[in-house]
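In the two complexes that follow, chain A is the common piece, with chain B as its partner first and chain C second.
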Partner chain A sequence: MLNEAGRVIPEFIEGIGPLKPFKGVFAGFPEGKMKSPLVPYVTRDTEKLLPSLRDAILATGLKDGMTISFHHHLRNGDFVVAMVLDLIAEMGYRDMTLAPTALFPIHKSIIKHIESGVVKAIQGSVNGPVGKLASHGGFDVPVLLRSHGGRARAIEAGDLSIDVAFIAAPSADRYGNLNGSDGQSACGSLGYCVADAMFADKVVAITDHLVQYPLFPISIPQNYVDYVVKIDQIGDPSGIVSGTLKVTRDPLRLLIAENAAKVIEASGFIEDGFSLQTGAGGISLAVADYIRETMKERNIRGSFGSGGITAFFVQMLQEGLFETLLDVQSFDMEAVRSLRENPNHVEMSASFYANPHNKGCAVNQLDAVILGATQVDTNFNVNVNTESDGVLLHGIGGHMDTAAGANLTIITTPLLRGRLPMVVDDVLTVTSPGETIDVVVTERGIAVNPLRAELEITLKKAGLPVINIHDLKNEAYRISGKPEDPEFTDKVIGVVEYRDGTVVDVIREVKTC
Partner chain B sequence: MSLKQLRRTALYIPGNDPSMLLNSGIFGADSVVLDLEDAVSISEKDSARILVRNALNHVDFLGAEVVVRINSLSTPYGMDDLKDVVCPRLDAIRLPKCEHAQDVITVSEVLDQLETEKGLDRGKIKIMPLIESALGSYNAVEIACADSRISAINFGGEDYTADIAAQRTREGLELLDIRMKILLAARIAHIDALDTVFGNVNDEEGLLAETSLIKQLGFDGKSIIHPRQIKPVHKVFTPSEKEIVKARRIVQALEEAEKKKSGVVALDGRMIDAPVVAKARRVLAFAEAMGLA
Partner chain C sequence: MKTDQSKGQAGTLESGDILVFIDLSVQEKGISIDLDSPSIVPFGKQIILTIKDTLVNLGIHDAYVKAQDRGALDCAISARVETAARRALSSTIGEVGRCL
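After this line comes the complex of A and B, so read on.
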C-alpha cells in the first residue's frame, strides 16, 4: 500500500504484524488506554540487592521469546548489553527480542547471539555492524526503528511491551534509586530509559557505584526498580562521554553553519525567550557558535536549549543566554558536571522530550532545530537511516520528533559528500517527511520548502542565497552526475516507524552481487 | 565608467585538491588563485595541471576572478602549465619568481601565441608578476611596466625574507621596504598592488592588524591561504557608511564648483583640493564595486 509520504509499504510483516500506513504528521490518532505493568509486591524485608546478575535474571522470571530493553547512555563505552546477552546465552535463553534505545559499534558482539538464535529480533536504533548485518539479510524479523519520542510512545501505549528492562546505572542505592550523575561511569542524564523503568514488567538496575540509601539526586526512583546488582564496571569512561566536542574548522561546513544561523536570525526567532536544539556534530556546534555571538551582541536571553547537551550549550547557560537546559542525553564531561551542579540544567525523559502521544512534549515548544541528513530530496523528505549505498547504518534519534515539533526545522548538509550528491530526486529512505522540513542549507544555497512561502520571501529579503530545491539538486547532479541507486531485493529488513506508530517507510535488503 | 575590479582577497587553492578546486568559488573571495607552484610537490605537477585544466573548464567559480599560479618558466613545468591552462575561463596568470621585465615579456609572448591558437581575444589573459627576491624587488618598477597585460603586482614575503636574510615576524617590519617598492611600482604602472599572505590562519587579530597596515599604505588587496581570512580582510577594505557619505559629498562639492565655474572648492569650511578628491574617488570606486554606493 502507498502511504502519505508516497512510499510503498507492505500491509503485513511476519514477526511484526499488520502495518499502519503513515497518514500525515499529526494525523495518527491514538486509541485506548496506556499500558500498565504488573502490580509489584514487596514487603518490609524484601532484599532488592541481589548477589549476581544471574540471580537477578532468574528473579525476573525471564523466559524464552521475551522482550528485554537497554539504554544507550553509556554509548560506545557500554559493557552492560554484551554482559547481559552473554549471560542469557549461557543460561540457554532463546528467541529474545532486543529493545535497545540505540546500539553502538561496541555492541558488535551481539551479532553472534543473533546468528545463534539467542536474539531473534531488534526493536530499536541500530548502527554500524549490526545495521550492516540487517541490510544483508542477517535477521529473520525486520529491525523496527523508532525515534526517541516514538519509542517512549510505543512503550507507554503498549506497542512495545518490555518484559525486563536492564538499566545500567552509574549510581544506585540498594533500594533501586538511580542516577547518571555520579560514579566512575557517570553519563549524566538517564532520560532515554525512564519509560522502560515505568512500564516494563520487571526492572533490573546494574551499577558499579553503590551508595548508602537514599541516593540523591534521584533520576529513576525506587518504586520502579525491582532488583539491583553491583558489578565491577558497567562501562569504559573513555567511550561513555566524549572529550570536548569541537566546532568544525572546515571552511565549507563553517559556511553552511553561518548560513543556517542567518536563516534563524532572518526568521525573527532570536528574541528574548528564544529556544534552540542542535545536534553535537561539527556543523551544528558552529551554528550554535554563530547564534551565541548574535545573542550576546543583541543582549538576548533565551528560554531553553534542549536535546543532547554539550559543553557548548552549558557555556551558553552559564553566560545567561539560556535560562534552562532540558537534557535527555549528556554528551560530554562538562554536560555531566553541569547537570549535577546547576539546578537550571534539568534532566528530561524521552517522553517529556518528544513523545507525540502524551499531554505535551518539549519539542513542541522549540523555536528552531538544526538537524543533519544523509540525503534530502526535492520533496524535502530527509533520510538519516540509510547511506547512499542503501545500507542501514544510523538510528533516527530525535530527528522526526524535533522536525515535527519545532517552529523552524533546518537541515544542514554539504551538497556533496565525496562525490555523492546529498540533495537527490528521491531519498532511499524517508525518515522525516518533507512537510516537517522548512529549510535545507548547503554551501551552494538555501532551499525553502514551498509550504513556507512566506519564509522564502523573508529570507530573500534578508539577502540570503535562496535557491529552488530542484536547482540545488541539478547543481549537485551537474557536478557529480546523477547517482545510480543501489539495487534492493524485495525482502524488508527494516521498518521506519513514524513517531505516532504508523509506518513512514521500509528498508529493503541490499542486493549483493 | 566600468566598476573597479575588486582584488581585496586572492585565495590560494592547491591545484592538487579536487574538492577545494570544486568549491573554490563559494567562499566569496574576489580572486581565486589555483596554485600549480609551491602547493604542489614535484611528483604531482602533471596531475595537478590536469586537475586545474579540468576545473577551469567545468567548475563554476561564481564570479571570482580566476588566476592560475604557474611554475616559473625556468622550471621544466612552466611552459606546459601555460599551454594547458590558457582557456576562455582563465583571467590571469600569476607569475612567480619574477626578477626582470623580460620574465613577463616572455610569458606575454607565449600568451599572444596561445590566445591566437585557441581563438581568444588578444590580451584577454592578464599577468600578475610575483616578486620574491631582492633582485625582483629592486627591479619592481621595470617589471610592473613591462607589459600591457599586467593588471596587478604582488610579492611573496616568505621567499623574499629568506633571500634578504631577514627574519619573518608577526609585525612585518622586515617587509616594509618591499611593500613600498611594490606599491610605488603599482602606482607608476597604474595597476593594483597586492600584499603577501598572512601565514597564521588562527591569528585573526594579527591578520586584521596587517590588513589595516597595508590598506593604510595604499594596497588594493592581499593574498590569503584560507577561506577564514576572507571576512576579516574584506571588513578592513570595506569603507564605512560615514566614509562613503563623506567621499560622496567631496565629489559632489567639486562637481558643483565646476558647474559654477568656481575656482575654489570648499566643504564644511575646509578647502578641497585635487588629492582630497582623488582619495574620495578611490573610496567611492571601492564602494561601488562592492555594491555599496
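After this line comes the complex of A and C, so read on.
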C-alpha cells in the first residue's frame, strides 16, 4: 500500500504484524489506554541487591522469546549489552527480542548471538555493523526503527512491551535508586531509559558504583527497580564520553553554518526566550557558535537549549545565553559535570523530550533545530538511515521528533560528500517527511520548502542566497553525475516507524553483486 | 631514480582524489580495472567508463589499472589516469614521488 509519504509499504510483516501506513505528521490519532506493568511485591525483608547477574536474570523469571531492553548512554563504551547477552546465551535462552535505544560499533560482538538464534529480532536503532548485517539479510525479522520520542511512545502505549529492562547505572544504591552523574562510568543523563524503568515488567540495574542508601541525586527512583547487581565495570570511560567536540574549521562547512545561522536570525527567532537544539556534529556546533555571537552582541537571553548536550551548550548556559538546558543525553565530560553541578541543567526523559502521545513534549516548544541528513530530496524528504549504497547504517535519533516539533527545522549539509550528491531526486529511505523540513542549507544555496512561501520571501529580503531545490539538485548532479540507485531484493529488512506508530518507510535488503 | 618498464602511478588517497596505478606490460588484450571506491554503487560504472575513455583517447587499448578512489569527480579521475598513463608510457615511475 502507498502511504502519505508516497512510499510503498507492505500491509503485513511476519514477526511484526500488520503495518499502519503513515497518514501525515499529526494525523496518527491515538486510542486506548497506556500500558501498565505488573503490580510489584516487595516487603521489608526483600533483598534487591543480588550477588550476580545470573541471579538477577533468574529472579526476573526471564523466558525464551521475551523482550529485553537496554539504553545507550554508555554509547561506544558500553559493556552491559554484550555481558547480558553472553550470559543469557550461556544460560540457554533463545528467540529473544532485543529493544535497545541504540546499538553501537562496540556491540559488534552480539552478531554471534543473532546468528545462533539467541536474538531473534531487534526493535531499536542500529548503528554500524549490526545494521550492515541486517542490510545483507542477516535477520529473519526486520529491524524496527523508532525515533527517541517514538520509542518512548511505543513503550508507554504498549506497542513495545518490555519483559525485562537492563539498566546500566553509573551510580546506584542497594535499593535501586540510580543516577548517571557519579562513579567511574559517569555518563550524565539517563533520559532514554526512563520509560523502560517505568513500564517494563521487571527492571534490573547493573552498576559498578554502589553507594550508601539513599543515593543522591536520584534520577531513576527505587520504586521502578526490581533488582540491583554490582559488577566491576559497566563500561569503558573513553568510549562513554567524548573529548570536547570541536567546531569545524573546514571553510565550506563554516559557510554552511554561517548561512544556517543567518536563516535563523532572518526568521526573527533570535529574541529573548529563544530556544535551540543542534546535534553534536561540526556544522551544528559552528551554527551554535554564530548564534552565540549574535545573542551576545544583541544581549539576548534565550530560554533553553535541548537534546544531546555538549560543552558548547554548557558554555552558553554559563554565559546566560540560555536559562536552562534540557538534557536527554550528555555527550562529553563537561556536560556530565554541568548536569551534576548546575541546577539549571535539567535531565529529561525521552518521553518528556519527544513523545508525541503524552501531554506535551519539549520538541513542541523549540524555536529552531539544526539537523543533518544522509540525503535530502526535491520533496524535502530527509533520509538519515541508509547510505547511498542502500545499507542501513544509522538510527533515527530525535530527527523526526524535532523536525515535527520545532517552529523552524533546518537541514545543514554539504551539497556533495566526496562524489555523493546529498540533494537527490528521491531519497532511498524517508525518515523525516518533507512537510516537516523548512529549509535546506548548503554551500551552494539555501532551499526553502514551498510550503513555507512566506519564509522564502523573508530570507530573500534578508539577501540570503535562496535557490530552488530542483536547481540545487541539478547543480549537484552536474558536478557528480546522476547517481545510480542500488539494487534491492523484495525482502524488507528494516521498518522505519514514524513517531506516532505508523510506518513512514521500509528498508529492503541490498542485492550483493 | 629507478626505472620500471611500462608502469605509472598518479594521485593520492586524500578525500576527493583517486590513486591510479597503470601497468601497460600486460599479456591479455583489453583494459582490466580493479576499482575500490566509496561510491561504487552510485558511480562505479561511470568511474570505469571515465578510466577506459581516458585511456582509449591516449591510444591505450591493453592495460591493467588499479584505482583506489576516494570520491574523486570525473575531471580528477581523468586527469589522474592520463598522468599515470603518460608516466607509464615514458616508463619512469621515479617521477611519481615528486608529483604526489
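Note that the second predicted complex is superposed on the first by the 513 of 513 C-alpha atoms of A that agree within 3 Å, B and C clash if a C-alpha of one lies under 4 Å from a C-alpha of the other, contacts with A are read in each partner's own complex, and residues count from 1 in each chain.
One rule holds in what follows: a residue touches a chain if its C-beta (ideal position, glycine included) is under 8 Å from a C-beta of that chain, and two chains touch if they have at least 3 such contacts.
Predicted, not measured: the structure shown is a model, and the values here were computed from it.
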Contact-wise, after the overlay, does A:24 reach chain B, chain C, both or neither (first, second, both, neither)? neither
For A:444, is the partner it touches chain B (first), chain C (second), both, or none of the two (neither)? first
Touch test for A:479: chain B only (first), chain C only (second), both, or neither? both
On the superposed three-chain arrangement, identify whether chain B or chain C touches more chain A residues. C
So in the superposed three-chain picture, is A:390 touching just chain B, just chain C, both, or none of them (first/second/both/neither)? second
Classify the contacts of A:251 with the two partner chains as first (chain B alone), second (chain C alone), both, or neither. first
On chain A, the residue positions that both chain B and chain C contact, one per complex: 479
For a test of understanding, state which residues of chain B touch chain A in their complex under the given definition. 22-23, 26-27, 226-228
Would you mind writing out the residues of chain A in touch with chain B in their complex? 251-252, 254-255, 416, 443-444, 479
Under the stated contact criterion, what part of chain C meets chain A in this complex? 15-16, 38-46, 70-74
So, in the complex, the side of chain A touching chain C is made of residues 388-390, 417-420, 479-481, 483-486
